[in-house]
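Pasting in a structure now, in structure tokens, and then I'll have a few things to ask.
Chain nomenclature is as follows: A, B, C, D, E and F, assigned in order of appearance, with residue numbering initiated at 1 for each chain independently.
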Amino acid sequence: MLAEHMTWVEYQEAVKKIVILPLGAFEQHGPHLPLNVDVVIPSRLAECAAEQLEGMVLPAINYGYKSQPTSGGGPLFPGTTSLDGETLIHLILDILRDTYRHGGRKFLLLNGHYENMAFATEAVDLFLREAKDARLVILAWWDIVSEKLVKEIWAEAGFPGWDTEHASIAETSLMLYFTPEHVRVDKIVDDQSERTPPYAIFPPPADIVPKSGVLYKATYASQAKGEMLAKEITESIVRIVRQELA
Amino acid sequence: MLAEHMTWVEYQEAVKKIVILPLGAFEQHGPHLPLNVDVVIPSRLAECAAEQLEGMVLPAINYGYKSQPTSGGGPLFPGTTSLDGETLIHLILDILRDTYRHGGRKFLLLNGHYENMAFATEAVDLFLREAKDARLVILAWWDIVSEKLVKEIWAEAGFPGWDTEHASIAETSLMLYFTPEHVRVDKIVDDQSERTPPYAIFPPPADIVPKSGVLYKATYASQAKGEMLAKEITESIVRIVRQELA
Amino acid sequence: MLAEHMTWVEYQEAVKKIVILPLGAFEQHGPHLPLNVDVVIPSRLAECAAEQLEGMVLPAINYGYKSQPTSGGGPLFPGTTSLDGETLIHLILDILRDTYRHGGRKFLLLNGHYENMAFATEAVDLFLREAKDARLVILAWWDIVSEKLVKEIWAEAGFPGWDTEHASIAETSLMLYFTPEHVRVDKIVDDQSERTPPYAIFPPPADIVPKSGVLYKATYASQAKGEMLAKEITESIVRIVRQELA
Amino acid sequence: MLAEHMTWVEYQEAVKKIVILPLGAFEQHGPHLPLNVDVVIPSRLAECAAEQLEGMVLPAINYGYKSQPTSGGGPLFPGTTSLDGETLIHLILDILRDTYRHGGRKFLLLNGHYENMAFATEAVDLFLREAKDARLVILAWWDIVSEKLVKEIWAEAGFPGWDTEHASIAETSLMLYFTPEHVRVDKIVDDQSERTPPYAIFPPPADIVPKSGVLYKATYASQAKGEMLAKEITESIVRIVRQELA
Amino acid sequence: MLAEHMTWVEYQEAVKKIVILPLGAFEQHGPHLPLNVDVVIPSRLAECAAEQLEGMVLPAINYGYKSQPTSGGGPLFPGTTSLDGETLIHLILDILRDTYRHGGRKFLLLNGHYENMAFATEAVDLFLREAKDARLVILAWWDIVSEKLVKEIWAEAGFPGWDTEHASIAETSLMLYFTPEHVRVDKIVDDQSERTPPYAIFPPPADIVPKSGVLYKATYASQAKGEMLAKEITESIVRIVRQELA
Amino acid sequence: MLAEHMTWVEYQEAVKKIVILPLGAFEQHGPHLPLNVDVVIPSRLAECAAEQLEGMVLPAINYGYKSQPTSGGGPLFPGTTSLDGETLIHLILDILRDTYRHGGRKFLLLNGHYENMAFATEAVDLFLREAKDARLVILAWWDIVSEKLVKEIWAEAGFPGWDTEHASIAETSLMLYFTPEHVRVDKIVDDQSERTPPYAIFPPPADIVPKSGVLYKATYASQAKGEMLAKEITESIVRIVRQELA
């Protein structure tokens, strides 16, 4: 499933099926999660889905668009290393173009970093000017979590909306499920900014970003919740791909 | 207040106060609204706010980023005329840079078109690499409507979320309030797509875009609702600017 | 005629006829004229011509290329807010490309700001690489004023050439005709630079730019002259479009 | 004087004086003149001026911006090989930037191809964002020919304006003076387009470009006229540089 | 050592030491090696070196510049997925810029894909325009293998030069050492193109690329040779970094 | 043969044959050679080859990519004036595109400056996306010198490899053969850097660049060696072009 482990001989067949490109980032995720959370989650979900879809997973975009203060802590947190919008657009576009040249026609861009969405959309729009017969889906994993599961997982803590779920219950749970060895369980905290304005302020004032980089109650995370999320999201991805790219 | 009507002599004082740049688009808004809805609404709100703030309103960005199917009908509707992401980034950046050169330090980017947000954010990020002492707010008018007012205005129709409010109750009401002469009241319809998937599909299938270009129940719009929206939004803008850019 | 007031339903027919894109700027025009002179004049001329041609007028380019000292006062005048060359090229290109996608084939780019010309030309050249069957005219309104009318209008003041007519008789007269409410008649002055070298100097020395931003004798302007200009230019535009884009 | 013949040891002193960059093109100039007319003329004028100014002449820009039909025959003539606007801007900018790094502060951009002007201006504007203490003049050689000399040289043929002087009396005369061995004297013709509209048409119709590529009466050219032009222009360049860049 | 596994708290100290960015590619490496060879080798060497240097390894560039026929089989091999030059330049530049913002001053760019070199160099040159006090080394692992070791490892097969060593003894041996589970030992072949011209031909004729994608004698590879290479290269990297970036 | 001396009438036939574009640079070459060595050598070789091939030589790229310390002395030597990578890519691309438009299909890019290679390759790759039936060879003159001739010419001095041959025996000999009037024979020196590391260091330390800019033993140069090199290289070019572009 992982294109990076294939030889070119294997790749040439695999590319004709479903091609999944995980879109990640290199971004702070609190004192307990590694900087590659946004790469790990979509990559592992992509693997799970690819297994059922007989799809192929391309190497992930491992640096993404600039983290914003109220959805990820913002650019000033140490570690958060981001691309200019134009760079990310062309990075995704070039990968799509070359994969198309090799025969790829059906693409899932599986996003793990909110701020990537608009630039991935632009890359796809530019790609379609050339690749008239390609079909693509861009999907952020949190956008397809069912209301039912949200109620279940955030039953105790209360659901704050996906924006402020950064480095909190969903991401911590998924990391506990996918790579528990990289979660510093003793460092997990609940935190929040003093306020979350519904607009963007530049440069960001201190009170809109929590000191820890955790935007909500990460202590409510668990491996079991991670498993529930991973399984439901995988099923949904498989269903969506079959429906939209069949 | 309108910079376009000022002479350079008047401008040189005005630029030192609050500078408002409305971010619009040229986009289909159903069979009853003109193509410039996304310019008119933020421009008129900007004027209302500027009056109280003694601010200056720059000429609006009158072409915006590409309309997406589930939030605006998408690029295939006749009329919708959009800029590439890079063009929009540089358009906003150049205007900010030159205004800064003339003494502008406090900027409100008042957005009327959802798809502009990420590219406006990128423009501001690039701007701040040069303009170390500038301060900016980017604000989309719908993001600051209070829950209380949402309940009141969508009491009968039910609130579908802002995404699908395109060309519907809020925009039609605001246009009835600001420029009733451009609303074809006899053409107002309720409509909706067959489905609104929580992911993007390229090219967009027919069933995710309503035929009319109206994404919800526009017939529930009224001038009175437009007035209520305009007044509350204006007050909020004034309060936000005073708080964040004072 | 104004595309911005059309609905998409109306636009889809109108785009197949003549499409006029006014090219303006945001530039100082002396102590008596507003900063949007270069938008107002081509936009209003476009409307006049479109009426006779059954053409459609797109929203104007409202920020243009950088004003030069000897033809517009230069970039250092407060208010003059300009785009980099690459931004303007792509702004015009994107608008042409999307309008072509909707069925536009016949375009008039009606320019009101001298410095835009080369960049509009480049945009059109890039556009024609893709749009093989499009036909376009780029026209600056002053370039089609007849010698006869020049003699008549500048009979008293003497014609200094179009370069130094900035914010002077022609533009002031046209603004008195089109939007007299925005002309500060009590502020109209005659002025000129100490010298007008036939080459460009960077950075511009003070003696090549008049203090007022008026480059010639604006006091000789009148509404009647504005009407004469507007009528002749409109007739010429109509004739040219019929001849070249029929 | 020619930087290309200097060693780096010689260059390091020379760069501190006046630096002249000739701006040329590779463009058709009728059946009698070589494709490098627009390089030869400003390069040779630059040498003449540099001798008196103790200046240094950089290697010329040998491909320029796109020839336009009514000022050079247009892009469809065989041979005319041009750069996109953005390429030319960056080509000039990079050369200025590196020369500045070596100590260059006083620059003359001596243009031999009309269509280069706006893009050279943009390059200089971008350059000055970085090079705060640089001073530059951009000058096209025809713009500084005195009225007196125009009257003398075009006494018989009549002066048609500089636009249509392409490949005609001035350029042919200068080439007869500078490099007579490259002028096909037996191929010199008078020609003209059927019409010269005061606007641009895309794609260009056949009747606005003369078949030969000569836009006026080249048979009136002579080596003597070339010498008169060369000497006057050189003197003017020297005077202008001394005045503006001293 | 791996920045991707660090939290932001850990990263903020680590970034002040040596920062290593592996430069890889996604490129065919014969029927026996996976497509990520050029990522694995520099990443693993970076880890080995970072251990001794107390350095930090950033996530690798996982798509590189376009493979050339005579050094990697060329772009037409299935799987080889490459970036345009400009994209790669900006990708590396953006990562350097943001890492510098967090305090990084000493950088090793450790390259595993020949074709990346010039574009990495350009990225660094642009970076140094802004980051005046940064110090960097760009190093391709094969360029620092000692002559002594070359003689030893290629004793039997003969050393063909590094260009044609693609997917051959060195890379196969290193992969057998680093990730033997991804080497298809039963698919290892010796191969070569019919000719290796000392110039580039576009489009590439069939006889300059071997059918298998292996450019030399891969059967002479062994895990032991991989270990020898890895150890010597690691030692050299450590020595070089200590010498040049101390 | 020289396109710059042709008229458009002559060019239109010549372009259909072999088109040679010399790729040069403006770069220091020691205290004895002029700054245009990298333009002169490929231009003169191109002329020699074109004579036998009935080919056409375009005006050379006269500014190239950035000189590197260990192959050319680096950017800090006075005189070395270079283009950004993107500028060079587009410069070459634009020339190829327009020449193709005029009927050119067979191109030799004859390089005289090592650092140009990757950017010329990128330009050709972008060109081939549009020009499906074009065929090109990119060739650096030193890469085709036979081993036999290397042995002969470097018999006394010893061959140091082409990298450090900068401004040394080969280039000095070729300049003595092609333009002896521009060689300062009294300034010829032998020199070398204290060390030539097999990796790049930024900023370059003083000990990797020789003070003179000569990287090896220029005193072993002679006009006779220049003639031997020129003749063999010309023959090889002719043979290669006939073989690859026939």
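Heads up, the rule we're going with is that a contact is a pair of C-beta atoms (placed from the backbone, for glycine too) under 8 Å apart; a residue touches a chain by one contact, two chains touch by 3 or more.
What you see is a predicted model; the values in this text were computed from it and never measured.
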For chain A and chain C, the touch-path distance in steps comes out at 2
Chains in contact with chain A and also with chain F, listed by label, are E
Pick same or different for copies chain E and chain F, depending on whether their interface residues overlap by over half. same
What is the distance in Å between the mean C-alpha positions of chain D and chain E? 48
Nearest whole angstrom, what separates the Cα centre of chain C from the Cα centre of chain D? 28
How many angstrom between the C-alpha centroids of chain E and chain C? 55
Mind pulling the chain E residues that touch 2 or more other chains? 75, 84, 86
Which label fits the chain touch graph of this model best, line, ring, star, complete or other? ring
How would you write out the ring, from chain D onward through chain F? D, F, E, A, B, C
Spell out the part of chain D that touches chain C in their complex, as residue ranges. 65-66, 68, 75, 84-86, 89, 115, 117-119, 121-122, 124-126, 128, 134-140, 143-144, 197-203, 205, 240, 244
What part of chain F is in contact with chain D in the complex they form? 3-9, 11-12, 15, 26, 28-36, 39, 58-60, 62-63, 75, 77-84, 86-87, 90-91, 93-95, 98-99, 101-103, 182, 184, 187, 213
